[in-house]
Structure formats: structure tokens, C-alpha cells
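These notes concern the structure reproduced below.
Each chain carries a letter (A, B, C, D, E and F) given by its place in the written order, and its residues are counted from 1.
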Amino acid sequence: MSASEPTAHGTVIQRVTAALCSPASYEQVSHRDRHDVPMPSAAALGEIVGLLQSVLFPGYFGPADLQPATMPFYVGSALDRAARLLAEQIERGLCFACAEGEEGDRCLRCAGQARETADLFLLRLPEVRRLLATDVAAAYEGDPAATSPGEAIFCYPSIRALTHHRLAHELHRLGVPLIPRIVSELAHSATGIDIHPGAAIGERFFMDHGTGIVIGATCRIGREVRVYQGVTLGARSFPLDDQGRPIKGVPRHPIVEDGVILYAGSTILGRVTIGKGAVIGGNVWLTRDVPPGGRVLQGRPEDAALDSGAGI
Amino acid sequence: MSASEPTAHGTVIQRVTAALCSPASYEQVSHRDRHDVPMPSAAALGEIVGLLQSVLFPGYFGPADLQPATMPFYVGSALDRAARLLAEQIERGLCFACAEGEEGDRCLRCAGQARETADLFLLRLPEVRRLLATDVAAAYEGDPAATSPGEAIFCYPSIRALTHHRLAHELHRLGVPLIPRIVSELAHSATGIDIHPGAAIGERFFMDHGTGIVIGATCRIGREVRVYQGVTLGARSFPLDDQGRPIKGVPRHPIVEDGVILYAGSTILGRVTIGKGAVIGGNVWLTRDVPPGGRVLQGRPEDAALDSGAGI
Amino acid sequence: MSASEPTAHGTVIQRVTAALCSPASYEQVSHRDRHDVPMPSAAALGEIVGLLQSVLFPGYFGPADLQPATMPFYVGSALDRAARLLAEQIERGLCFACAEGEEGDRCLRCAGQARETADLFLLRLPEVRRLLATDVAAAYEGDPAATSPGEAIFCYPSIRALTHHRLAHELHRLGVPLIPRIVSELAHSATGIDIHPGAAIGERFFMDHGTGIVIGATCRIGREVRVYQGVTLGARSFPLDDQGRPIKGVPRHPIVEDGVILYAGSTILGRVTIGKGAVIGGNVWLTRDVPPGGRVLQGRPEDAALDSGAGI
Amino acid sequence: MSASEPTAHGTVIQRVTAALCSPASYEQVSHRDRHDVPMPSAAALGEIVGLLQSVLFPGYFGPADLQPATMPFYVGSALDRAARLLAEQIERGLCFACAEGEEGDRCLRCAGQARETADLFLLRLPEVRRLLATDVAAAYEGDPAATSPGEAIFCYPSIRALTHHRLAHELHRLGVPLIPRIVSELAHSATGIDIHPGAAIGERFFMDHGTGIVIGATCRIGREVRVYQGVTLGARSFPLDDQGRPIKGVPRHPIVEDGVILYAGSTILGRVTIGKGAVIGGNVWLTRDVPPGGRVLQGRPEDAALDSGAGI
Amino acid sequence: MSASEPTAHGTVIQRVTAALCSPASYEQVSHRDRHDVPMPSAAALGEIVGLLQSVLFPGYFGPADLQPATMPFYVGSALDRAARLLAEQIERGLCFACAEGEEGDRCLRCAGQARETADLFLLRLPEVRRLLATDVAAAYEGDPAATSPGEAIFCYPSIRALTHHRLAHELHRLGVPLIPRIVSELAHSATGIDIHPGAAIGERFFMDHGTGIVIGATCRIGREVRVYQGVTLGARSFPLDDQGRPIKGVPRHPIVEDGVILYAGSTILGRVTIGKGAVIGGNVWLTRDVPPGGRVLQGRPEDAALDSGAGI
Amino acid sequence: MSASEPTAHGTVIQRVTAALCSPASYEQVSHRDRHDVPMPSAAALGEIVGLLQSVLFPGYFGPADLQPATMPFYVGSALDRAARLLAEQIERGLCFACAEGEEGDRCLRCAGQARETADLFLLRLPEVRRLLATDVAAAYEGDPAATSPGEAIFCYPSIRALTHHRLAHELHRLGVPLIPRIVSELAHSATGIDIHPGAAIGERFFMDHGTGIVIGATCRIGREVRVYQGVTLGARSFPLDDQGRPIKGVPRHPIVEDGVILYAGSTILGRVTIGKGAVIGGNVWLTRDVPPGGRVLQGRPEDAALDSGAGI
């Protein structure tokens, strides 16, 4: 670096620092909590999910050879570790909501509350495992390419995403802010499956391939439902308040009843009901109810000669 | 933590541990192999693929400046290292299949067999590289945004996914259980492209953007095929056995002949044949044969005024 | 390993090494730069983006509790660190282009040029932050499930992808080769959103869910545009040169004017213009202009009884 | 693992667990703090020392090329980061002392107190640097093998140990429990030099080679003192209380006045005074005062023929 | 790198490789085991010792707040994990001895034997803890600078070295080759205290400061012994076999009876006995028995004027 | 943190930053090189030594099972990698010396020179290995506790320190500044053995236990020399220049001839000669020549009754 450059570079650093540190620049995009509590950590939440996977699916994740005699040691210590880590993240989530909150600003900071919530969450794990066991069976039975239920547990995106979702959903039901969303985004990033923690999903749920699936916050999905890649269960429109902002919390996503199949790329929007046993074909765009047993297919594509060229 | 809390927390841990360690709870979702062999490791397989990338694309991955005089040292040691790591993973895959297997339960544990298979796999690498070189040329020639073949090698999802696939496909052909699937899921998670290791894909294959592409286990794809994001080559229906479970291994995915182009979001299901040089338009849902040279487009969308509101 | 095996294995290693080190095998797929400069590093670029995130969104990323008194220390040191790391990556990108380049082969290696470019890039950060602040507001206002702007900053794929894009776009405008593409692929892999660094995107842009979105290199997008998952803004065809290769750099992607909404799965190809305030319905395939205020929906799907069976 | 082994192994685990979890077994060797605060972390303290090294010796540690224009950014952010990390460790140290304490059990837990102490500590850094600069000069001038003062800063055990000591000594003076000791043990483990944080050491102190040097808690060392490897400045005897335990805090280590040289392996015990400018020869064992300017040598070794054999 | 350099460098690599791969060069310094078992791993042994520290000193190492209700989960899982890791290392140690062995070459490879040995080792842990608890008490009572027994557990080199030694000694007694030595070298490197795993050491042992202490393989040390830094308990001479090599396994190090104190830097060589309650002064060199209660001091150093100059 | 504290803390950070960034404070202790080249990296040098260990002792370090057929691949790639890493460190060392230098300030920066030096260094490796093989034999034969030569290679501090020294010595002979010293400090920190890179040491050198050994820069040691822990071969005095600084580079350490044994804790100072086959007893302090075959022992310690009390 020649003698003159450092000055130029140093000037740039000073100028940009000054610009970015002016309150007018950062006021919309900076965070400052009220109790010096750090932001939640996606890495810690990933570790927590990993601990819980080893507890929910013993032998598949975590130590490979668990004997009945030693299993309680592993399960108990993993649960305790997960509870402690989770309590810290819940506290961070509570503080985040408190600092950002527009709705009441009631200060929720309370390490004790976070710990109690973590314990309540643990008590839901046996039910979470029961549901996941039905999802595993559905995956194995619904995919001709599956060679064993264990393969589904160990490497299917559907089970990976549902493990995250069913855990995030319990946290959501316990009123924990932000944290469930981070957990679901971990699965979204890894699998391309985006399930809002609020969605209620019945047993024996299977998503084949999965990439691009979107399931909205107020969806209610029955049992034995099968969904393929690229399916959207979204909102069609949402009422605005008098400031033109969407009103939060209104039911606005589909109800999908038992035994429905949604083929790849179909898009279903709004608080419609897809009746029991209905089948929606691929790439369909649908914004109305479908009766039980109904079948909806895309309009038949025309065959047509195309102009020459590299494109169509 | 106050004096009373620890007891409450301790009780929760004990209760949940007991619930999760009851055989009725874990029997469907736990794994115990027969020979105290650990589960396969996705991290190790990722490292193996990384070693092989450095061998297949010297200078792009691994050490940057390879001279002809030193290249054999790097290639030879990377191959030996990859072979050893892979042999261990293959052995784990064999043991997994043995423990989970429903079809014969023949015990396959044999470190020697795993090592032989790893060596047979290595012998396929020159052909894998030859195929990938054609894929690189296709990517460069097929994407106006590509500035050099090297850019495609270094950062195109298509080449990343095909490197994983062509390696996984060789392992699949050698009869290795589970491991090929994990390799393909690594690419699926990173790129959103889901190619089953069983799919047979010809040379000069190019997937632009890639996210959401699904290529099923029994697909057969010719040479010079171009596929865009969101395309599904899936199964339409599959015969069930007398217990209502899908029969495994039946050809059920499309045959795509040479020179076909499949535009974004098209869904092609079943053992249909898309004839040589055919073009399938975007967002089409297709479950029948298309003759050579055929063009299939989505039905023309109507223009329609919509109600006011934030949605449609 | 028995006495005879090592020989067999050793022979395999030697044979495959020899095959892969023959120039005929590697010439199409190997890289050798001209100045012994390493390949760019995706990990380093990820670290740089992380540093810039902590600068752009103070308190959300990086240290959690920044006081006005200490913020300049963090911002200044992060900027200086990012500038140094980036200058090295830019130099690597310049050398890569030089080694691979077909268009002139002018040798660009110059550490000084790389450093100057990095400084010019820093000067754009205040504007990048200003744009991102509008994107955050749009995300919060456009998603009924969002509980605060901070939630969007901290965990929405839209903001993650736009942070990468708006940084990559500035590097692209400064003429830096390869590096912007790697930055955008980092976001693509993590979010499933694929925005070419060349795309010009106005303020208040929001992508809900995001997986599968593709935005091509020559797109021009206005302000206040909303795009849902699975939307493609792609090329329809591209002129070939006399050797049958696509001509690079021609405008070939859509122009999307202010206030447009593109629903999930719609595919818009070619240099068409979607007029101000238009709405494109889900799963539509579109290759022509849409006038301002226009609405385009998919042809209405038919209801049809289907044959029984597991499929459709 | 054969069918019978797991039982045997499982039994061992259960038996040993039960034995180690009986209160009679663990009561003397377990720790349970009173406020659920973790134990101090040697790794965090190592990171803090590293941050402070980069601040004290800019350019030698931390970023290599600091310009005057950017130095404050690095220094300020490193100080703030170190202060936060240190405040947490100080709080842990306070809680540890509270839980273990026999002297009053006054509960000291107070994050605020810890933060204030960390800030008071920072205010001492300019003086710490001033002292270390004199130590660097002494090392360079006192070692014929030193090629520059920078070499001493960058890789001499003497400077490494003194950096730890002078920082630990300030923490000790601020009354912080346990933490200073951990900091000094980090240096002890890395250099073999064991200086108790309580020792008061003047400027221009130099320890050549260093391994085996021990400097006790109540030592007072003047300026311009030089000490070689293996020198002990220890206690000779210490008064016991009525329960036979050593009374803590009594001055019991040597006073070493200005300009003294202590050669390798000498051992000086008790509250003796080594007068100004004295020289103590190698391997001497000394338990009495030495007047200013005195010289003390080991008794002259005899020359003697020895029996043959491998030993002596 | 200019065009000519690569050749020169490549030639160097080829030449040196050829030289180092000639059997005459490597035959004395290379290892090849008989069963393709890797070398023992110091990192794994460090992890094992860490697990056992968390079990032996609960709350000081490992999770900080163990309740009686959850302690068994942590202890049990840490024991099981340590046993598995250790069994693998023991197997490696057996294979190493088999490959290197000159004494019989009986092939000991047996994963089962390694696992049984690991279990036998675990059964000794309660006794190891009991001994260490006495060492902790001795450290606290013997060092006026110690503020609590917990401080000794958490950061005294004496306890760190004795934890390693008492574990290594049990492995040594179980006949495990090489592994105990690696464990003791871990402590040697971290503390400067070198205790051979074969040494038998009674309860309430304390080493103050520790650096430079050497305790030989056939030492027998009673209870309540205190040793200072730099003390050697070594061999004086050892009988040679007819090839001039030392005969292994002969008792050749001191016997130190109960209550002995050995001051800093004293050197005691040979199979001598230091009688009960004896005190050996600093820097003494001793090769004969000392009766119970005896005191041995270094010859009184003379006071002598020295010549001027920087040295002595 | 209450509302007032942040201000106080912020003020502290600002004040201390300002104090530490005043040139008067940092001028003696800061570094700024002339070409923006980073400081040498101890971590990188540790990695280089690790690569060379795997080359020098194949099978003990690095991959465990090397066959003759694959060994050249590992050796060649490790050498090339080590050469590249080392060339970078050598360049940093040259720049460091240039920036710090008082003796001429000739700018040595030259990546090419660094690469050439690294290649010259590699050419010395066969001789380094030959010497180390003799050291291994000496360790095995000289230590009754050694069970095989391999144990010495794998875990004896003597071999670890000599590997570092013999490599550092070659770098020293090639005139590389600073880097050899860092390499020797790595060994010093890990083993407590401090050998200056300048020391010339003959074959079959063995240091038992090793902690506290110091061997000065101008020592010359013959073959078949055995040295025990705590031995110093140091300088006695050194001539000063007219500014009172020690004159660098003067021979000032002992010459130790073939076959000498130096027992634990002996201190030998100055340019004296210890004649062939001489034996120096433990804890001796020696500043004069010893003839060939001479024996020097410590003056016989007196037996003396001591006063009672905890001390002596």
C-alpha cells in the first residue's frame, strides 16, 4: 500500500462509519433491548433441535447403540441440557418481543417464566413423538422409493421439516414469541418447506420431495394428508385496518380435511375447505371450496406448434 | 433458581425421561443395529464429496495452483483418503440395511466388501468426470448469463447437483444402500434440486436455477436435455400390494428423450415418454406421452378484472 | 486388511490417479490461474456478508447491545475488516476472470484496484441500508403473520435474500467478476430465492416465503412490488451468435412496474412489461405484456371425477 | 457386541453411576452455586486476554496493519467486547466465591458490580501498557539472542507471562476472586512460569527462558530485576491456626530490590530481602537476607571420579 | 509464479518425495499396523479425561448446576460415552503394541477385550474419586494461597496432574499399552509435571506449583507427601542386558514414605528410601537412603564478591 | 443495565480508547509493516510442522495405514502443501524483519525469495529424518521405561522437541528471520524444552522428561549426548557495546562433546567445553571446562536436624 492510499482508505472508513452511525440512518433498522439480553441464537436453537432429535429418534440421531439399560441416561441428560438451553432462548425471545412490541409493552422479562415454559414444552414431547411416528409410517407407506421407515427418519425432508414443525408448534401454543419462527426457518432453509408454526397438522402427514411447500399460519390440516412439492396453502386476501395495514391473526388459510392429496405445484388460497378425500391435481390454482371426494385438475393443456428458436 | 424450582424441574425431567424410555413409546422410532456399527454420517459424506470435487475439477476445488508435476500427488492422496472414508460409510450403510431390512435380513456386514465396493466406485470416476465435462459445456452454452465454463463449475447449482447425482448414481448401481440417498439429499438441501440416485441421466444435462426440480427414481433422461426450475418428473400412480402398500421398484417415472426442453414449473407424471426434441411449456401438468418434436403449452390465461382489496 | 488386498487397492489408486491426471481427461474441467492467486472463497464471502449485516442492522446481528457511544467503534472496525477481506476476494475474482476470460484477456491483476473497488463499495452502504429499511417496512406491512419489523430483519428469507442481493448488485455495478454471483448463490442456497446480481430492484420489495423465486439478470423491477414463492421472471428466448451460442448481455427478462403483485408459481418470460399496479394470479404462464392495472388469472380448473387408485 | 455383553456393560454403567451419585461419594468434590450461574470459563478468559493483547500491542496481535485513522475503531470495539466478556466472568467469579466461601457468605451476586469492576479494570490498561513497554525494552536489552523488541513482544515467554500477570494483578487488586488465578494459570500452562496474581512487580522485569519460575503471592519485586529459568521465590514456612491450617494472607515471600539478578535454578524462600543490585548464582538454596550488592554462589562442586556404568 | 519456477518447484517436490519414500529412508521411522487400525488419538483421550473430570468433580466441570434429581442422567451418559470412546482407544493401543512389539508378538486385537477393559476401568472410578478428594483437601490445607477446596479442584496444576495420573495408573494396572502414557503426557504438556503411569501414589498427595516435577515409573509414594516444583524422583543407574540395552521393569526409583516433604528442585535418584516424615531441602542432589524424620539440606552457599560485568 | 450506566460505561470505553490511541502511548509497542503483509501465524506454523511430522514419521502421524503404493501420494501432497504454507510464513518473517530491522533496513520483500527458501528447506528433509531416526534409537535405548521406538516417536517430549528443533535449525541456517524462533517456542510451550534454533546438535541426542531444559543459541553439542530435565546450557556473561547493550552473535554457550551425560538440574554457563564422555551430576552449577571423562558432582549435602514447624 503506497503512502497515500491508507489515508484515502482511512477516510472512507471514517466517512461511512459516520454516515451509518447517524440516528437518522439507523433508527429503522437497529435493535436495542431493554435488559441487555442478547438476541436469540439460531445456532443454539439448531443444537436444541439436534438434542431433541436424539431423544425422539434414539439410535438414529445421537449415540448409535443405545441399550435399554443406558437409554434413560442419554435421554435424561439430553432433556435437561435442551431445557436449559431452551429456557435461555425463550427468555431472549420474550425480551425481543418486549423491546420490539407495539402491543402493550408489558415487560415479560423473567428467567423463571422462561424456565417454566421450557418445562411445559418438555411435557409435550411424548405426544410429539407419537405424532412423528405416524408421520414416519405415512412416509414409508406413501413413497415407493422408501426402503424402510428408518430411511425416512434418517434422511427424508418430510420428517426433518415435521420434526421442526411439531416442536415449533408446541412452542407457538405456549405463547413463546419469535423462537418458533426461527425454528421453522431452520427447516425452511434446509428443506425448502415453509410451515408456519401456527399451522395445525394432524397425524400421518407426508410431504414428498417437499421443496417449495408453503403452509400458512392459520391452516388446519386433518389426518392422512399427502402433499407434494411446490404446493401452497396460502392466504387470498386479508382485511386491512384503518391505517392500511393487514389485521393480524385472522383465519385466512385453507382447511384441509382427512385423506386429501395435493399434487405438485397446486396453489390453494384463502379460508376455503378442501373436503375429506378430495384430490387436487398439479399446478392448479384454487380459491374456492372443494366438496368431499372432489377432484380438481388443471385445464387440459393444448398441443401447439411453436415458432422456431432457442426459446418457446 | 429458588429452592422449590429445582424439584419441579427435576420432576419434569424424570417424568418425561420415563415416558420416552418406555418401549411402547420408542419402538417405532428407534434404531439398534446388530453389530455396534454407527449410523452413516452426512458430514463424512460431505467431506468425501468435497475430496472428489477437488479430484474431478482440479484447481477449482482443493488447492488452487496444481502443476502437472504435483497433480498426481494431490489426486492420489485425495483418492486414497476418499476411498477409506467411503469404505467406512458403505459399511455403515450395509449394516443399517441389515438392521432395518425387511427383505431377507441377510447379514452383509463385511468391512472387506465395503472396501471392494469403494474401489469399484473409484474406477468409475474418469467416466463421471467425462460426463460432468459435458454438463459444464451445456451449462455454459445454455445460459446467456454464464461468463465462462469455470463459473458454471465453481458456482452453478446445476453442476453442484449433478456432481452429487452422478456420484450417488454410481453408488446406487453398485448396490450400496442408504448412502446414495444421503448424498443426493445433501445436494437437495443445498440447491433445492431433488434427483433420486436411481435416475439415469445422459450427457450434456442442464438445469437452470434448479430450485424445486424433482427427478424420480426410475426416470430415464437422454442427452442434451434442458430443465428449468420447479419441474417435476414424478410418478402418477403406483400399484399397491395386497396390504395396500406401494410395490417398490416398478418403473413409474417419465422417459425424456434427447434434446427435450422442460420449462419452469411443468409437472410430468407417470411412465410417459416425452419424445425427442419436444418442448413442454411452463406450469403445464402432463400425464401422457408427447411425440417427438411436440410442443405443449398451458391453456391461455384469461384477462379478468378483479375485485378491489389487497389480495386477488 | 489381508495381505493381498492392499495391492489391489493400491493398484486401483494408481490406475485412477493416472487416468485422472492425463491432460485429455482434465483439460476441460481444470483451472490454473496466471498469478498463483487462490480461488475466491465462499466462506470468506459469507463472513463478509455477516460483517456487513452487523453494520446494516446494528443490534440484530453482531453485538446485541450497542450504545450510541460505542456504535462507531463496532461499525468502523467491521467496515475496515470487511473492506480488507473483500479486497482480497475481489482480487481473486479479477484473477479468475483473467485466467478464464475469453473476452480480451486483459490482465487485471492489481491488488490496488481491488482495494479501491472495495472502498467504492463501502461508500454505497448507506444507500443499501436505506433501501433495505424500505424492504423491511414492506415485509412487515405485507405479511399478516409478521409481529414486528424486527422479526422480518432477523428471520425473513426476503430480507436475507435482499441483503445479499443489494450488496451483490453494487459489486456487479462496480464491474467485479464472479464475486457477486457467489454472494447471490449463498442466498439462493439458504433461501431458495435466486436473484441474479444484475437485476435492478426498487424500494419496498417483498418476497413472501420465497422458495423457488427466480429473477433474471436483466430484470427491472419498480417500487412496492410484491412477489410470492415460485415466481419466475425469466428469459423466453435468446438470440444465438453464428456459432449457435447465446449472445450474452441482451435485455431478455421482464420489466415489472411499480405496485405489481405476482402470485405464487406464476412464470413470466421474456422482455415483457407488467404495467403499474397489475396483478398476476398464481401458476400463470405469461409471455406477453400486461397493461397497467391488468389482472391475469389461470384458466379456471375443471372439476372432474378421477379413476380410483392411489394416484390420480 | 454379542447378545450377553450389553447387559454386562449396562450393569457396569448403572453400578458406577449409582456409586458416584451417592452423596457420601460426591459431597467433598462437587459444586453447586446458589444462583444458577455457570463456572468461569478458561476459554473465555483466554479470548479476553487475546483481545487485550491486540489492544496493548497493536499490529503484533489482532489486525496487522492498523492506520492511525482506523486504530480507534479496533481499540474501542475490542475494549467494549472485552469489557462485556470480562463482566460476565467476574460475575461468575463472585458467585463461585459466594458458593464456596467460608468467610462470611455475603452474597455478592450482582451483575452491576461485575460490570463496574470491569470498567475500573479497563481504566488501568494505559498503565499496564506503560509497564509492559518497559518489560519489552528490558527483554530486548537483556537477551543477546533478541533481534528486535518486536520479537520479544511477539514470541517471548517473558512478555506473554507478564502480559497475563499484569492484567491478573489488576483484577486481584480490584478484589475479583478466582478469575485472576485462572488467568495466571493460563500463562503458567503455556510458559511454565507461575506468578501468583498477588505479586507486585516493578518495571523493566525480564525472565529469560522462564520455565519453572515460581513467584509467590506476597512477593515484592523492584525495578530492573532479571530472573532466569527455574528460579523460585517461595514461602519457607507459614504459621498455622489452631486447627493446623495455614493462616492465609501473611507476608511470606521474598522482597527483591531493584537491579537484582537471580540465576537459573536458585531457590529463595521466606520473607527475606535480596538487597539492591545483589546477584544470586544458579542452583543456590537461600533462606536469609542478602545485603545490597551481595553475591551468593553455590558451594563449589568437587571433581570426583565415578564408578563405571550407565548411571553415576 | 513465473513460467520457469513451477518446474523447479515441481522438481524439488518430486525429488524429496522419492528420497523420503525409499524404504532405506523410512524403515526406522514408519509404522504399519497389522489390522488397519488407526493410531491412538491424543484428542480423543483428552475428551475422555474431560468427560471423566465432569463425572469425578460434578458441577466444577461439565454442566454447572446439577441437581440430585438429574445428576444420574449426566453421570450415566458421560460414563457410557467415555467407556465407548475409551474402548476404541484401548483397542488402538493393543494393536499398536502388537505391531511394534518385540516381546512375543501375540496378536491382541480384540474389540471385545478392549470393551471389557474399559468396563473394568470404570469400576475403579469411585476409588479414584475418593483418592482425589483427599488430594484436594491436602492442596487446600497445604497452600496458604488457596481460598477454597473448589479453587484447587478448578485450577490447581496438582489436581489436574493427579486426575490424569490416577486415571492413567488404573489403565496401567489393567495392562493397557501406550494409552496411559499418552494420558500422562497430556498432563505433562499442560502442567510441566511428568508422572509415569506406573508410579504408585498414596492419598493426600500435593504438588505445589509443579513445573518440572518428575516421578519415575517404579516410584512408591506414601500418604500425606508434599512435593514442590522441580523435584525429580528418578533412576540412578540401570542394569544393561548383554546387548547394552537397559533391562526394562527393574525397580529403580525412590520409595517415599508417609509425610515426607521434598522442597523445590531437589533431585533424588535410585531405589533409595526416604523415611517417614523426612524433609529434603531445595536443590539437594541425593542418591542414598534418608532415615525416618531425617532432614537433608544443601551445603551452605558461600558469600563471595564477584567480578563486575553484566554476568557473574 | 439501568439508564445511567451505559453512559458511564460508554465514557470509559471512549476514554481508554483515546488514551491507548495516543502515539505517545503506543509508539514503543505497536507494529506497522511496510507492505501490508500480515504477521506470521503460529497456528499456520503448527500446521506446517504437523504436515512435516506426517512426512517424517509416516504412519505415526497423518494417515495410519500407508502402503508402499500410496505413500508417495501422501508424501508428495503434504510436501507441496507444506512448501506453500511455509513460503507464505517465510515471506511474513522477511517483512517483519524489514519493518523492525535496525541493521540496514534493506527491503527483503520477495515472494519469490520466500518460495525458493522453502524449496531449499525441503531438500534438507531427508537429512533431518536421518538425524531424527538416530534420536529415536537413542531415546528407546536410553530409557528403561520405553517399550518400543514407536512409543518414543509418538509421545516422547524429546522427539517432539527435536523434530521442532531440527526443522527450525534448518530454517535458521537458511537465514529466515523470526520463523525459526516461533517454531521453537511452539515446542517450548508444549514440552518445557527451550532450544534456540541456532544450537547445533549431533545425532543420537536424548532428553529424558525434558521440562526446564534450556539450550542456548551458540551451543555446540556432539553425538550421543544425554540430557535430563532442568539442565541449562546458558550464557555466563556477554560483552556490552558502548551503549550498554549486549553484542549479538558472540559465541557464549557451552560446547558439549560426544557421549556426555548431564543430570537433572545442572546448570552450565559460558563458552566452556565439557569434554568427551564427561558426566555432570544433578543440580551442579558449573562455569568452567571439564576434561574428557571428567565427573562433576554437587557438594555433599549435610544432614541436619531442623526446627519443627510446617516449613523447614
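In the analysis below, a contact is a pair of C-beta atoms (placed from the backbone, for glycine too) under 8 Å apart; a residue touches a chain by one contact, two chains touch by 3 or more.
Please read all numbers here as calculations on a predicted model, not as lab measurements.
Q: Could you name all chains that are in contact with chain A and with chain F at the same time?
A: B, C, D, E
Q: Measuring between Cα centroids, which chain is at the maximum distance from chain C?
A: Relative to chain C, the chain with the farthest C-alpha centre is E.
Q: How would the chain E/chain F interface be labelled, same or different, where same requires over half of its residue numbers to be shared?
A: Mostly different residues: under half of the interface numbers shared.
Q: When the CA atoms of chain C are placed over those of chain E, what is the turn angle between 0 and 180 degrees, to the nearest 5?
A: It works out to 180 degrees.
Q: Pick the pair with more C-beta contacts: C-D or A-C?
A: Answer to which pair has more contacts is A-C.
Q: Could you find the chain whose CA centre sits the greatest distance from that of chain A?
A: Greatest centre separation from chain A goes to chain F.
Q: Starting from the mean Cα coordinates of chain A and chain B, work out the distance between those two points in Å.
A: 23
Q: If you average the CA atoms of chain A and of chain E, how far apart do the two points sit, in angstrom?
A: Each chain's C-alpha centroid was found; their separation is 51 Å.
Q: Please set out, as single numbers or ranges, the residues of chain A touching at least two other chains.
A: Within chain A, residues 1, 9, 13-14, 17, 36, 65, 68, 70, 72-73, 75-76, 79-80, 192, 211-212, 230, 235, 238, 246, 263, 265, 269, 281, 283-284, 297-299, 312 contact more than one other chain.
Q: Sort out for me which residues of chain C touch chain A in the complex.
A: Residues of chain C touching chain A: 55-61, 64-66, 68, 71-72, 75-76, 79-80, 83, 112, 115, 119, 122-123, 125-126, 129-130, 132-133, 136-137, 141-151, 153-155, 157, 190-192, 209-212, 228-230, 235-238, 240, 246, 263-265, 269-270, 281-284, 287, 297-306, 312.
Q: Quick one: which bits of chain A touch chain E in the complex? Just the residue numbers, please.
A: 63, 70, 72-81, 84
Q: What residues of chain C sit close enough to touch chain B in their complex?
A: 1-2, 5, 8-9, 12-21, 23, 25-26, 28-33, 36-40, 42, 96-97, 99-102, 177-178, 181-182, 185, 188-189, 192, 194, 196, 198, 211-212, 214, 216-217, 230, 232, 234-235, 238, 244-250, 252, 261, 263, 265-267, 269, 279, 281, 283-286, 290, 294-300, 309-312
Q: Give the list of chain B residues in touch with chain E in this complex.
A: Per the stated touch rule, the residues are 1, 6-7, 9-11, 13-14, 17, 65, 67-70, 73.
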